[in-house]
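What follows is subunit A paired twice: with subunit B in the first complex and subunit C in the second.
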Partner chain A sequence: MRVTQGTFSFLPDFTDQQIHEQVQYCIDNGWAVSIEYTDDPHPRNTYWEMWGHPMFDNPDAAAVVYELNECRKIYGSYYIRIIAFDSSPGWESIRLSFIVNRPSEEPGFKLSRTEVKGRNIQYSITPYSSDNPQGSRYK
Partner chain B sequence: MENEGQEKDSEIVTEVNLKEDFQASGVADILSELDNSLIGLTPVKTRIKETASLLLVDKAREKLGLVNESPTLHMSFSGNPGTGKTTVALKMANLLFRLGYVRKGHLVTVTRDDLVGQYIGHTAPKTKEVLKKAMGGVLFIDEAYYLYRPENERDYGQEAIEILLQVMENNRDDLVVILAGYKDKMDKFFESNPGFRSRIAHHIDFPDYSNNELLEIAEVMVASMNYQFNEESKKAMAEYIKIRKKQPHFANARSIRNAIDRARLRQANRVFNNSKGPIGASFLSQIEDIDIRQSRVFSGGIDK
Partner chain C sequence: MPDGDKKLDAKARYSAGVLEYKKMGYWEPDYSPKDTDVIALFRITPQDGVDPIEAAAAVAGESSTATWTVVWTDRLTACEKYRAKAYRVDPTPNNPNEYFAYIAYELDLFEPGSIANLTASIIGNVFGFKPLKALRLEDMRLPVAYVKTFQGPATGIVVERERLNCYGRPLLGATVKPKLGLSGRNYGRVVYEALKGGLDFTKDDENINSQPFMHWRDRFLYCMEAVNRASAATGEVKGTYLNVTAGTMEEMYKRAEFAKELGSVIIMIDLVIGYTAIQSMAKWARDNDMILHLHRAGHGTYTRQKTHGVSFRVIAKWMRLAGVDHIHAGTVVGKLEGDPATTKGYYDICREEKNSVSLETGVFFDQDWASLNKVMPVASGGIHAGQMHQLIHYLGEDVVLQFGGGTIGHPQGIAAGATANRVALEAMVYARNAGRDYLAEGPTILAEAAKTCTPLREALDIWKDVTFDYASTDAPDFVPTTSVS
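Showing the complex of A and B:
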């Protein structure tokens, strides 16, 4: 099951050239771009691991694509996303976030229903991959 | 990128107008600016013009589908201090930007300190940080030979060189590296790092300025600061240049700039001490020969 999170997630995966152009758009708007990775695709897993520092002072997107490829060398089987932070007052948050790398196989999520008081149902989802400990979830 | 290329090929482009391309790219402006704003340096200007036409023709060939590999643009500027290497590098960055070989055209100037770390594991991130900052533009490494210190085999400079070489090769489309420094030291540096020599296509030598050129530079500098020479002070300046040139630590245009700065200091002192009543702008901006002749250079000393 294909994980869809962030912007562009219903589009086919971007090529490096397309990533470059999106990142250049962010940089031209004055947003700080950074790279993050994780092997826990749960939608409530908000804070992923940072790959290096946010890149504040690179005028060209080639730097981000370069770092992305460095990250892929080590975490090529993880989810990697690019986020753009807008520091302008009144916003001070993420403007754009999109996945740029995903595992070759995505087993999806397990939906469990728990019957509670009054025959109400509580739902929860768990990624199948998180049965394994961190670091050995994706090949 | 590849798709774009194919689309362009399918358009029927059978001829290009080099003159039009030349005008449209704005390269003409930069070249004429180079001619006008820099005094002397004829061989440098010629080389830059040649490079510019080569790059322009390459672009035109690409349009016609005569594909050739993207050219190596890394350069080395060798010459004595104060011969205009940084200034030319700045112009070069602009030129490459106008020709479409770099995307942003900014210049990042670094020396050994900015690339080499102080402890194990510090160098690689530091060098990469600088390289990333320079992507889309030009990285200017001043006194590049200090990166390589053969006398200390544990020096971290070697690590910086390796990363530099790797990025110069793999990210050729992303940045252009210009190495600069004294001629003899640069030659030695290239001898001991053959990897660099082969990756650098353009070696440009910056000659020293002649006395007349230095005087011309002095006049331009003085004018740009809104001061002026008269006949006597001009003569004094010419003599100053002649003597200063023979002394050690002569740094061409930079020495001239320093000499002028000191002359301004003396001029200000003189004006202040002699002023009894209201004075005009011409008095305030006049550099007299006495302002120059007070320099230690005339009495056998050295101006630093």
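Showing the complex of A and C:
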């Protein structure tokens, strides 16, 4: 399966040039761009690890692409995403978030059902990979 | 000012008998509205021979303190304060029989935090008043002091996106069709296929409640099976608007509680449940971390005709106060009524921190929303993937695009229809961000994306000639003209 979180997961994976274009769009809007990575792609895993701080005063997308490739050298088998943060009043949250690196194999998620009263079912979603400890989940 | 319009002294004013409204104090051309006044703009069509100023004063009177004759008990109150004041009457640009009447209302006329109370005055008795042929409430200015007495949207656009982990693009939805007749089991199939294929949301239709062919509990259970399956299949947060509309508040709370127990992120209600019920459900939604979708069922009966009723921009303002998170606000290009400029006005009311006067989009007042959350507008009705560039151009990014037929009617099936829409959307947002002239190049951008997505190719082929090009019944009165400077 393919984890389709993020703004562009239904498009073919981006080249570095395409990533550069999207990052520059964010920078030109005044948003701070950051890089995050994880080996736990659960849909409600909000806090991926931060590859440094958001790049608040960086005018050039090339610096983000450079950092992304540095991140890939260590976490090339992880999910890596680019996030753009807008601090303007009334928003103060993320404006764009897209995956730029993913494991070569994505085993997907296990759906567990616990039957409770009244035909009700309680659901739980677990990444198959999370049976392994952090750091040894993807190749 | 003609002599007859002059203010009377107290003795003449309060002598028993009938007096023109404009002489009773409901017409004050020199009045300058206070920052704390509620202001209403009405389009009035007086009966033949009725003076428009008298008609405006009558609207002010009948929507505040007046009755048809002089009453001495006025003098037991600070009656000049409580009288609404018509202070400006303008001819409309395009129809000599219609006038715009501006009326200011003292803040103390209204109970804090009650749409029911506000509307009982502003659109109460006055709409049946005989001296008027027709009356339409075009717009309102709500003072910050009054706005702050309302909860506002339970969740708001920003927190909704954070909960859904979905940024940078419009959300995608579909209404399950056929709207009536599916069993719970069959219904959940549509939900599963559409969400797995790439939509963020599916939706109950306005009239899906609890009928012989599918009772509400059964629908909720099958829908949540579908939502969770789709979430596991994609790694995304998914939702389905479970319509909790019912005959009583008790029943709606019961259904909402069950939706919460099942882990749904969103519930829905219909506009026809009434303003008080909507406010109650918004409070429940805030208390229970639930996104609240409003389907504007019934609004066309009073919003569509330009001379009589209530403009939808006013309904949108009331619903932002009342506290819904989603509201259907038009598509521009789809099958339902919606002039592009007027629709932009509705969207601005839902999404801006402050609205500025913009006559060309039908917004007559500056409006400060005083940090009330923003409402996510929903575009639904006769839209398809081939219009993606126009939809993003007209409606922007913070909107739910709902393709019902445009998903479920896909020749390769529901999941393929959903995928076509999602690919078209992402390709268009990508192109826009990359700096392309996506509106002009829209068809090319879609054709390029379709090269690696057969479902999109098929969607573009089957719906390429579908447009709904009819004259609007509710276009703005004012059009911008090119300046000569």
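Just so it is clear, the second predicted complex is superposed on the first by the 139 of 139 C-alpha atoms of A that agree within 3 Å, B and C clash if a C-alpha of one lies under 4 Å from a C-alpha of the other, contacts with A are read in each partner's own complex, and residues count from 1 in each chain.
The rule we apply is simple: a contact is a pair of C-beta atoms (placed from the backbone, for glycine too) under 8 Å apart; a residue touches a chain by one contact, two chains touch by 3 or more.
Every value quoted in this text rests on a predicted model; they were computed, and no experiment measured them.
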item	value
Partners on subunit A (subunit B, subunit C) - clash or fit	fit
First (subunit B), second (subunit C), both or neither touched by A:87	neither
Partner chain in contact with A:132 - subunit B first, subunit C second, else both or neither	neither
Partner chain in contact with A:108 - subunit B first, subunit C second, else both or neither	second
Partner chain in contact with A:58 - subunit B first, subunit C second, else both or neither	first
Which of subunit B and subunit C A:67 touches, first, second, both or neither	first
Vertex subunit A, arms to subunit B and subunit C (CA centres, degrees, nearest 10)	100
Which superposed partner A:7 touches (first subunit B, second subunit C, both, neither)	second
If touched residues of subunit A are counted for subunit B and for subunit C, the larger one	C
Smallest separation of CA atoms, subunit C relative to subunit B, angstrom	13
Footprint overlap on subunit A, comparing subunit B with subunit C	none
Parts of subunit C lying in touch with subunit A, wherever the complex brings them together	158, 161-162, 165, 167-169, 198, 221, 224-225, 228-229, 231-237, 261-263, 353, 371, 374, 419, 422-423, 426-427, 429-430, 433-435, 449, 452
Touch list for subunit A against partner subunit C, complex	1, 3-5, 7-12, 18, 21-22, 25, 41-44, 46, 84, 89-98, 108-111, 119-123, 125
Contacting residues of subunit A [partner subunit B, same complex]	17, 55, 57-63, 66-67
Subunit A partner contacts - residues on subunit B that touch it in the complex	1, 103-104, 106, 131-133, 135-137, 167, 171, 173-175
